[in-house]
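We just call them A, B, C and D in the order they show up, numbering each chain from 1.
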Amino acid sequence: MDAVLLQILNGLDKGSAYALIALGLTLIFGTLGVVNFAHGALFMLGAFCAVTLSRILTLSFETIDETKVDFLGNPLKVKTPYVESWFGPETGGAIIDWAVPLSILFAIPVMITIGFIMERGLIKHFYKRPHADQILVTFGLAIVLQELIKYFFGANPIPTPAPDVFKGSFDFGVLLGYDPNVIIYPYWRMVYFLFSTIIIGGVFAFLQFTTFGMVVRAGMADRETVGLLGINIDKRFTFMFGLAAAVAGIAGVMYAPINSPNYHMGMDFLVLSFVVVVVGGMGSLPGAVLAGFMLGILESFASMNWIKDIIPGIDQIIIYVVAIIILLTRPRGLMGRKGVMED
Amino acid sequence: MLGISKKDMTILLVVIVLALCAPFILNPFPTGSAMAQFNAGYPDLMQRFVIFGIFAIGFNILFGLTGYLSFGHAAFLGVGSYSAVWMFKLLSMNVVPAILLSMIVAGLFSVLIGYVSLRRSGIYFSILTLAFAQMSFNLAYSVLTPITNGETGLQLTLSDKRYLGQSVTESGSIPVTNFFGLEMRSTYDLAVGGWNFQFNAGYYLCAIIMIVAFYVSMRIFRSPFGLMLRAVKSNQQRLNYTGINPKPYTLAAFVISGIYAGLAGGLMASMDPLAGAERMQWTASGEVVLMTILGGAGTLIGPVLGAGFIKYFENIFSKINDTVLHQWFAFMPDGLEDVVVFIVHPFVGKGWHLTLGILFMLVVTFLPGGLVEGGQRIAKLFKREKAPAVPPSDPEHHPKETPHVAE
Amino acid sequence: MGILEVKGVNKRFGGLQALGDVNLSVAENTVHAIIGPNGAGKSTLLNCLVGKLIPDTGSVMFDGQSVLGRTPYEINQMGISRVFQTPEIFGDLTVFENMVIPCFAKRDGSFRMHAFESVVQEQDICLQAEQMLVDVNMQDKRHMHAASLSRGDKRRLEMAMCLSQKPRLLLLDEPTAGMARADTNNTIDLLKEIKSTRDITIAIIEHDMHVVFSLADRITVLAQGTPLVEDSPENIRGNPKVREAYLGEAA
Amino acid sequence: MSKFNVTRRGVLKTGAAAGAGLALPTIFTSSAYAVTNNPMGGTVTLGFNVPQTGAYADEGADELRAYELAVEHLNGGGDGGMLNTFSSKVLDGTGILGKKVEFVTGDTQTKSDAARASAKSMIEKDGAIMITGGSSSGVAIAVQGLCQEAGVIFMAGLTHSNDTTGKDKKANGFRHFFNAYMSGAALAPVLAKMYGADRKAYHLTADYTWGWTQEESIVAATEALGWETVNTVKTPLASTDFSSYIAPVLNSGADVLVLNHYGGNMVNSLTNAVQFGLREKQVNGKNFEIVVPLYSRLMAKGAGENVKGIFGSTNWHWSLTDEGSKAFVKSFGTKYGFPPSQAAHTCYVQTLLYADAVSRAGSFAPCDVAAALEGFEFDGMGNGKTLYRAEDHQCFKDVLVVRGKENPTSEFDLLEVVEVTPAAQVTYPIDHPMFAGGSLGQCNNGA
């Protein structure tokens, strides 16, 4: 039981990452009818917003310490971040420590801008083109974006730690009457899960309760009719693209401390999140979220040792097995609508 | 002649000439010149051109005609390669049984996957094929290592039993693949002036098979069967109400393209007896999709062009390094040379992905019909100078944009 | 005994009774119109005839054989062709290729792996298709993409495709919906010609009373999923029940 | 028209020599007595096949820097680097056998297929006489097999699997880098000393050949010293989040976690493990510890602070103070501004060793070069006295046990050398079961 609880926790966390990306993909697909293969790259760009901000915060001036030598035997140059010298080591250090949460503020405008530019500059020319073309062009864009990041940041992962307060893990087991160390969970992952829930809830609330959201939902259901009503749906869709980019971006920011960002992290997520979206049913927001959590939890279960003993290698393929079973039993995924991307 | 029209005959002849003269065409620059970097006329790359050409031709029969976008075709290529290498390990180094087995195994595998996946259409079909292929890849890389040799890839060893052949040659090495005694790796060099042309036995085997494969696909395109496949893409509802069952047609197309993929895989293993699991990864499936769309989906020759285009980038652009750049621009004054190298540098060598990505975007944005459309536009420009453009009468060469906006 | 016998057909969608105990008999070589107000169940009935929907109860017999449980292509192979409300044609193919496909379907059945013959070498099929194009006066458009045809031409093409299969029963789903008067008259003429020159039974769903009364030999009026009355056009015209239920508002 | 001059190999060679003096590709021709790509003009071409795209691109870039430095030194440029400290003195900065060294580069993409294609193109098109580089064992073994068949020498880059010089060894292939067995043999005694002999280990292992051989080696070495192995769990290659594998570790009774991961997998699994706070925990009355048997400084950088205090082994580290290492670090650091990685070191040394072997043999023929390398003992290349063992083409030299540094002084100063394990302690008999199967076969001159 304890092992199951533990894996549910892990699954919720993995699932929230899948759900967030799938949500953004579905928003774009549902509103604009575009299959966006560059969505993973937006997630990656978000993570690199965190990297960039912490680079900016740690911009340093060099002083020479004669007592130490560097690897070539020259006097060592010691770097001190400007922030620390301006605000003193105490405050400055704290600012640097909180770089990742601060990056959200930085990432939102950056990602919205990137989203706007992408939509106006490229995507809008592909609304009436076949899905295959959309896939190809966004895939090309994804390659370009990640290669640019590789060019500036290198191919290696870049450590982007969470603030010190969130280091370590919380012992759930003790709370539930188990022995210590049986069910532990890192604080930052809890933060990530809560954060994802809030974002997902926020997006749903936005679509449900604002006029803007209602128009967008109507547009998702029937684009032409809304267009006929004289509502400038295009402008709203541009905004939706910006919103989806921002959601992907801040998901990436918050994910950075969990796994050090690297330039191809977007591609790693892309295929899985597409599976998630399709299993959820094309164009269905609740479906995407549901499928994200479901696959995350099942993936965690599949990594349990006794299950792996019964079916070797099941953790390698579980997502695909589940996807196949669901698509064969439910023709349009969990909550897909008829006629969406079926031809 | 050969049951095809005069126009098709011309296309076929062009393909034959291009394939047979590839060692000349792909080596336009003298060996010593700075531009020799762009020469692609060496056996390995020429083989890859035609092998991936076969793969893309087959994929086009499914995707170009029926519109079913499979994201898992690399699995059939991989399965084909593994069967071929096993044939080399167990039977003989002759490529014929290996290639036949790879086609049969890939065909059976595609019947299985196709039968299940074709129960769904559109993106649901795509994801089903993707899931099957990724499962194959993940398992081949890890759990199935006894069969696939996992990470390294299945290779020949000195201890292989070969029931119809020798395990080890007299000189103590692994025997090489051959076509009834003709070694696949034997190459004749022709030196003409500064040029050096290489004629490789393996390449010509692949090229001849590719020509046959191209001819078969041409016949399929022009056949009633091909017409039905295009009808599937155009309007399945109407097809159903016209008394035609689309299922066996799509399944047949799926299996044919699977066999083509298996053939390509078998040929790959015959040219270089190693089968790596990465061949089955989704990126490899994605690559053939890109080749087909880039060249022009639904056109006869497009996939071959697309395959050549991508493989050229992968193998030629990735090898341009700074030293080469400095050689090229050595004629410039020093400062300028550095600036130019600095500008070009991100796009070549380790940046070849970047260039490829940019080219994808450009081609898709400006040439919706792929490279074939680019060719047609150029041809039209020339025609316009002579006479007013004649409205095209061949529908296959003018893939229509079909708006698929979701709802 | 008619060529098409519908007996006791019921169809529910959730709480909605779409068809309730429908009985219908279409006699051979007649034109039988099915009319009724919106939501009367006309399309549902049609879909039950062609295999798109399966009725909850009841039987549908075509020429003595049940069509229930058969797929649309099997039912088509039995001899029922359907023309859609908005023309369903192969938009990516040329007009000629559109015409060829039903000819192959008629000759080769629902599937045949003729992957190595060339379409143009199938001379009898090509001749048939060519002849049909001449019949509907579209031979000059044979190389056009079907998607680029005018709406009227699309309808004619679809009709020709169905006719080239020599069906015994032709189902027409509002063939003149959304048409201008002149086009409607052309369609009526076309259908009249078909009726007079071929041995064919036609079942037609139509809103336009002008069309119905120009063509039909028998008329069934559906209301709320149930046949109200079945009679000749003259009697229908004078039937007060029909007037009340349907014509009163519509005519 | 008489210019069309169909020739066999022999005629061509003169033509080529008369031409730009380029080594022409001659792979796989059927005529006998020749050597594949034997350089005929004034230059010799080496093929550097490194990952330039994909997860190991940075490591590949560092390898490439080392190769360029080696070529510079061989051609007499720069400060000569290790040429000054190398115990063999035949290299004099005039290229190899008087021929100027040129090189071509390719992208392995860390896929065996792509790596072979790239190596083939260097051999067939560019006339490379030797192929070197790579950042994974799968690639190394695949390319080694190709070079064996093509008849060129393969000087492996970074490859740590036992198989490279075990069941997949080849007569034309040579490995300078250490292997998983050596990691175990060097690391286990240090671990036993630091953490005690009474430990329970839990292994997470990347689910492919290299991971398995490392797991096998570490398990064997630690169990020999009294450790107990609680569990060994395979993790999928594609994993990016290891939380579901790490979470159950604490409750398994184990008090040491061994991460048999490399590259991105290692960075993520280590980061995850530290996130879970494993290192602050107490199990069985002992501090919980994490071990990363194969360290790479470049990759460790990706894990940031998480490496602090974590033990592992490495082939070489820039902080070594022998003359060879100092000379190499100096010339590399001066040219590029940062210290070289262990991959760079291996690639640099491999190039020099090849050049030296050719010079000593007086021939480019792979069989002569192989004979010169087999049983070759040398010093001054950074790892003390080193032997290229004739029977399996594996280098035997000192192995470093390192630990993540608690107070790094710079971004390169991540690891500190805890112990230099002498070569004798990591040497194993040629018939060791972990290396069983396979044979070198006959060396192949190709052509």
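Side notes on the structure shown:
Here is the rule we go by: a contact is a pair of C-beta atoms (placed from the backbone, for glycine too) under 8 Å apart; a residue touches a chain by one contact, two chains touch by 3 or more.
Note that the structure is predicted; figures quoted are calculated from it, not measured.
Of all chains in the assembly, those touching chain A and also chain D are B. For the interfaces B-D and B-C, the C-beta contact count is higher for B-D. Here the chain at the heart of the structure, going by C-alpha means, is B. A straight line joining the Cα centres of chain C and chain D is 74 Å long. Computed from the mean C-alpha positions, the centre of chain B lies at a distance of 33 Å from the centre of chain D.
Between the Cα centres of chain B and chain C there is a gap of 46 Å. Per-chain CA centroids place chain A at a distance of 52 Å from chain C.
Listed for chain C are no residues, as none touches two or more other chains. Counting partner chains per residue, chain B shows two or more touched chains at residues 138, 142-143, 353, 402. Residues of chain D found to touch two or more other chains are 57, 61, 207, 234, 236, 238. If you check each pair of chains against the touch rule, the ones that pass are A-B, A-D, B-C, B-D.
Chain contact summary for the complex, chain B toward chain A: residues 63, 67, 69, 116, 119-124, 127-128, 130-132, 134-135, 138-139, 142-143, 236, 282, 286, 289-290, 293-294, 297, 346, 351, 353-354, 356-361, 364-365, 368, 401-407. Note for the complex: chain A touches chain B at residues 29-30, 33, 35, 122, 125, 127-133, 135-137, 139-144, 147-148, 151, 220-223, 271, 274-275, 278-279, 282-283, 312-313, 316-317, 319-321, 323-324, 327-328, 331-333, 339-343. Those residues of chain B lying in contact with chain D across their complex are 31-32, 39, 42-45, 48, 138, 141-143, 145, 149-153, 155-159, 168, 171-174, 176, 183, 185-194, 196, 198, 200, 272, 274, 276, 278-279, 314-315, 318-319, 321, 323, 349-350, 352-353. By the touch criterion given at the top, residues 3-5, 219-220, 222-228, 230-231, 233-235, 237-245, 248-249, 252, 256, 393, 395, 400, 402 of chain B touch chain C in their complex. Contacts from chain D toward chain B in the complex involve residues 3-9, 11-12, 15-16, 19-20, 22, 24-30, 52-53, 57, 60-61, 64, 68, 103-107, 111-114, 116-118, 120-122, 124-126, 136-138, 141-142, 145-146, 148-149, 163, 168, 207-210, 234, 236-238, 437-439, 441-442, 444.
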